[in-house]
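Consider the two complexes below, in which chain A is the common component and chain B and chain C are the respective partners.
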Partner chain A sequence: MINQTITPRQAVMWFCLYQTGSAMLILPSSLATIAKQDAWMCIPLAIVMFLGVSTFYLAIAKQMNGASFEDYFQRILGSLLGKIVLFLFVLLFPYLIFILVLRDLGDYLTTSVIPETPQAAIYALMLAAVYYVVRLGATVIGRIAEILFFVVMTLFLVGFLSLFVNADWRNLLPMLEDGPKPVFHASIHLLAFPYLESVLFLFFVNQFDHAKKWRRIIVRSAILSGFACFIVTMMSLLALSAGVISNLTYPSYFVVRTISIGDIFERFEVVISIIWYISIFFRLALLLYVSVQGFAGVFRLKYPRALLIPLSLIAIMMAKVVWPNMAFLITLLQVWPYYCIIFGLLFPIALWLVGKVRLSGSSDA
Partner chain B sequence: MTLYRRLLNLTALLALLTFLLSGCWSRKELNELSVVIGLGVDKLEDGYEVSLQVVDPSQMSRNRSAERSAVIVISEKAPTLFEALRKATTKSPRKLYLSHIHMLLFDEEAARTGINEPLDFLLRDHQVRPDFYIAVAKDFKAKEVLGFVTPFEVLPALELYKSLEVSEKLWAPTSAIKVTQLMKIFTEQGVQAVLTGITLTGDAEKGNTMDNVKQPTSLAEYRYIGIGVFKQDRLLGWLNESDSKAWSYVTNNVKTTVGTSECPRSDGRFAVDITHSSSKMIPYLLNGQPAIRLKTVMDANIGEMHCKLDLEDESNLLQLQNTLNRTLAELISTGIRNVQQQYGVDVFGFGEEFHRKYPKLWKTWRNDWDDRFKTMPVQVDSEFKLNKMGESISPMDYKQAPKE
Partner chain C sequence: MLLLVIMAIAIGFSFMEYRSLKEQGDYRDITIAASLLGIGILMGCLQLFNVGMPNPMSLVIKLLQPTSQLVSKWLS
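Moving on, here comes the complex of A and B:
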């Protein structure tokens, strides 16, 4: 599982599907709640901010200097402290997100698509596939991403561009009604979720020849997924208006339900579920991959695969209890961006600073 | 050994495949479902009476019997829609399937007490698609309208749906409102909702029997009437035909329609086919107060001519054009004035125009917008163009009539 190669092209597609995953379904509503009819402006703004953050990630990648991310912790923090910090980081960030995403998947499917299916069945089916693919390693995931990326993009464009028929441009007016502040606020939310999760891509740095190439990959994937988010948000705004989408649980799904062109081209909202299911698959695969790699680094495991089944089973149990009800989730989503900032920005800054101090003394290899 | 292993693997794979054979977790075969195509909500003192128009599946086949109705109307009373719908399964051997609702009808009582409550279920339920039309049954219960036997289509809800769709395109006073439009209006402060009304004429009681369609002249007919004005989610009252027309012109809901006017110099009327109509609201400030200039542009062809006029002469045509222009501008401004005076709610969405153009001022206006709307001056600038006159030129008797 370790040191499996993945091409830059595959990585871009995988990371892009990762970023569109959870965000796409709820994004229009969470952005429109804050920025109202200006929600669409947040996306380019967040991407620009992310470009700045990515140069900072690049600095860390350079400090890693060819070692893996899990070794980097121990190199700069010492063996024991490095292991403890790495353990906490993996547990509280990728593995926690893994559980949350799983639950999110279950909630969405049982709310909108198949309400009578028990969530455990949904989790088990999805995890069986994720377990299998992570077991096979990054090369296989990369190839699947390469195939499914175009399926997702085609379905996506057909689904959302056909909303042009219902578009009403006046829904975007007035621009900046309450000044630029809400737009800025919403873009911080967007930057934090999902873009600051890109810190997890640091686990992949040593797969590429040099760190600059790695940065190019994450920037490209962010631009691609930003483009997708932009279309979703813009189309939902144009077709339904900000007021409507901010009160919907799953606006991207709802908005596609309203398409009806010539009484023939209609009722293909399941397409959204398919897109979402596929991208969630890649999201879970990446999160499990990273968690396994991280935990294996902590315990110096010879066969990291041994962790796959226990981690998946724990996730099934945890997914059931991770939040008690929908209202809790909605409150959680308001706090979540700050949580992401802690792990996606503040924590790497701390690491980098420590690294700067620790590594400057030793040889600048 | 390897052969043995392979066999074992194959058996394991085949065993796994049996899981797929059972199909979906909660599959529902078509013969276990009742497809609901129309939904009626009548307000009772303590709750709602929900009527469901359900397709009778045996009547959808080619050799259907003429004795049975093609749809079944089930109704049930309960404090909430959801409860009523579940309770209705005690009267149906199949599970109700709501994805194909085409029409939603409220009775006037339900509309007057507020439609937000009953709509909530329909927006929350995962089966219901947000693409049905909504109308208010006037003078009749929604249940009675749903039980009406329609002459053209076997499925009444589909006929109501299509009839609304077609008449909206050809006849300005009706307006087809979908639930997503309504949702949008409810979230905005500068516009109030309208819904079209439907009523039954003739012997309504017989209209609910199969006898209604057994002879060429139906015993009773359904009819879309003008639109109902809402304040928030409550019905205030109805607009007459010409005011409904004005609403459609102002809000750009006219695809094509008919315009008529009196002849300029002689008795009789003439009618034109309005092929294109667009209007633009231009908000501006008049002494710091809101005012609207409405610009309408219409194209029309002559549809019917009772006037004694020589249409080969261009000046006569221009005269007709001017007459119509004045009539329609008058119709629109009267319509707006009537709404302002009678109901005092901004169903035209002028407020939203101010919201877009003057977002800062709007913040101070939005809470008492209806009061400002009541006294707001509206100026109508209309531009009317008469183009073609169809296959004949002057009226047939014109040439014989002695020239003046």
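Moving on, here comes the complex of A and C:
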């Protein structure tokens, strides 16, 4: 964690890969369970809702006035309360997501790709790479994102656009069969996961000249990842139908198995695994980076890198515990959006209001 | 066995990290990092001896399931 600066272009790519991470695999299934054949409509709606939420984030970014997010907590809440709130926020949001994503990675690889490999080995190998890049700093992660983003997007487009051959447009009919309510419900789920996690991007505000530039970055990354999610959901619906994808755990992985063009272009699912593995790497890197920055702010550490190994080790141990079986995970996925709403929407609003009151006397409010 | 190897590697790399921090006189950083490493090692030992650990997600489900059910009822 030596050089901390990233360019806006690198940030857009990193944040976009972060948002497509876990969502790309499980999103079509969770959306189709609620909105059925209208699942594709949720994505533009969720992006529009996110644009509204991002104005709150912008308001907080403006209140930060060039300070780091960690310092902002202490500035508006006082030293002790600020540290306690920051500790709880980092522990209960980015660090918990870090553990969940790690477990998600282990589950996916051991059920779909390498079933005989122990999960602990998968966690350790991935975290070794994540530890290395986070230790090197945001600049290095940004540069890697710049290189791998186009690889991911090219493979992604080649994979999913090939599904046009199997597309059956009747799978989208009838539209709005149950009215607009299920579409709105699914949009809330999509907004919460992954878009409300964008509150974590506030940890990067002080790397850019002004808050509006930062907002442009998060909006661009949301639109790019929204486009990716739209293609995944639409092609899954067209090729498999809502009834099938709502019963699959990883529909986007399954759907590319159906590609068979001229007996040559087939078995593309391994490429989806590669895409997912890359995006999960960026997701874990951002979560660990933010967690380490947050905890270092709480404990006033001069060298946050000292926390990388202990936090990674605790995550490996906790990843085994967070869900005991698939039934538990299904229940968790139903309540998870509301958990994200607490930390990604209600908490920032509360923070902004406190900031408004506390900083009202000063010029930077 | 694998957990033991992971813990040993974590301890080894941590000590290398502490050595460089010690040269810079950052005892505060070392203390915090070593305490967290201790928690990680303790969790690893509990798993090795098959001692169950509490699942924080059970509490999340217990707290938020009523809200989830209410919203599902409204929007279905």
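Please note the rule applied: the second predicted complex is superposed on the first by the 359 of 365 C-alpha atoms of A that agree within 3 Å, B and C clash if a C-alpha of one lies under 4 Å from a C-alpha of the other, contacts with A are read in each partner's own complex, and residues count from 1 in each chain.
Here, a residue touches a chain if its C-beta (ideal position, glycine included) is under 8 Å from a C-beta of that chain, and two chains touch if they have at least 3 such contacts.
Not measured: the values here are computed from a predicted model.
Visitor: A:Asn247 in the overlay: touching chain B, chain C, both, or neither? Say first, second, both or neither.
Guide: first
Visitor: A:Gly159 in the overlay: touching chain B, chain C, both, or neither? Say first, second, both or neither.
Guide: After superposing on A, A:Gly159 lies clear of both chain B and chain C.
Visitor: Determine, under the contact definition given at the top, whether A:His185 touches first (chain B), second (chain C), both, or neither.
Guide: Second partner only, chain C.
Visitor: Between chain B (first) and chain C (second), which, if any, makes contact with A:Lys302: first, second, both or neither?
Guide: second
Visitor: Between chain B (first) and chain C (second), which does A:Ala121 come into contact with in this model arrangement: first, second, both, or neither?
Guide: both
Visitor: Just chain B (first), just chain C (second), both, or neither: which does A:Gly142 touch?
Guide: The answer is neither, since A:Gly142 touches no partner chain.
Visitor: Between chain B and chain C, pick out the one touching the greater number of residues of chain A.
Guide: Result: the larger residue contact count on chain A belongs to C.
Visitor: So, does A:Glu177 touch the first partner chain B, the second partner chain C, both, or neither?
Guide: First partner only, chain B.
Visitor: First (chain B), second (chain C), both or neither: which does A:Gln334 touch?
Guide: second
Visitor: For chain A, which residues belong to both interfaces, chain B and chain C?
Guide: 118, 121
Visitor: Mind pulling up the chain A residues that touch chain B in the complex?
Guide: Contacts found on chain A: 111-118, 121, 170, 173-174, 177, 240-241, 243-244, 247, 254, 257-258, 260, 266-267, 269.
Visitor: In the complex of these two chains, what residues of chain B are touching chain A?
Guide: Listed in rising order, the residues of chain B that touch chain A are 24-26, 126, 129-131, 180, 183-184, 187-188, 352, 355-357, 359.
Visitor: In the complex formed with chain C, which residues of chain A make contact?
Guide: 96, 118, 120-121, 124, 178, 181-182, 184-185, 188, 299-303, 305-307, 309-314, 316-318, 320-324, 328, 331-332, 334-339
Visitor: Taking the complex as given, what residues does chain C use to touch chain A?
Guide: 2-3, 6-7, 9-10, 13-14, 17-18, 21, 24, 26, 28-30, 32-33, 36-37, 39-41, 43-44, 47, 53-57, 60-61, 64-65, 67-68, 71-72, 74-76
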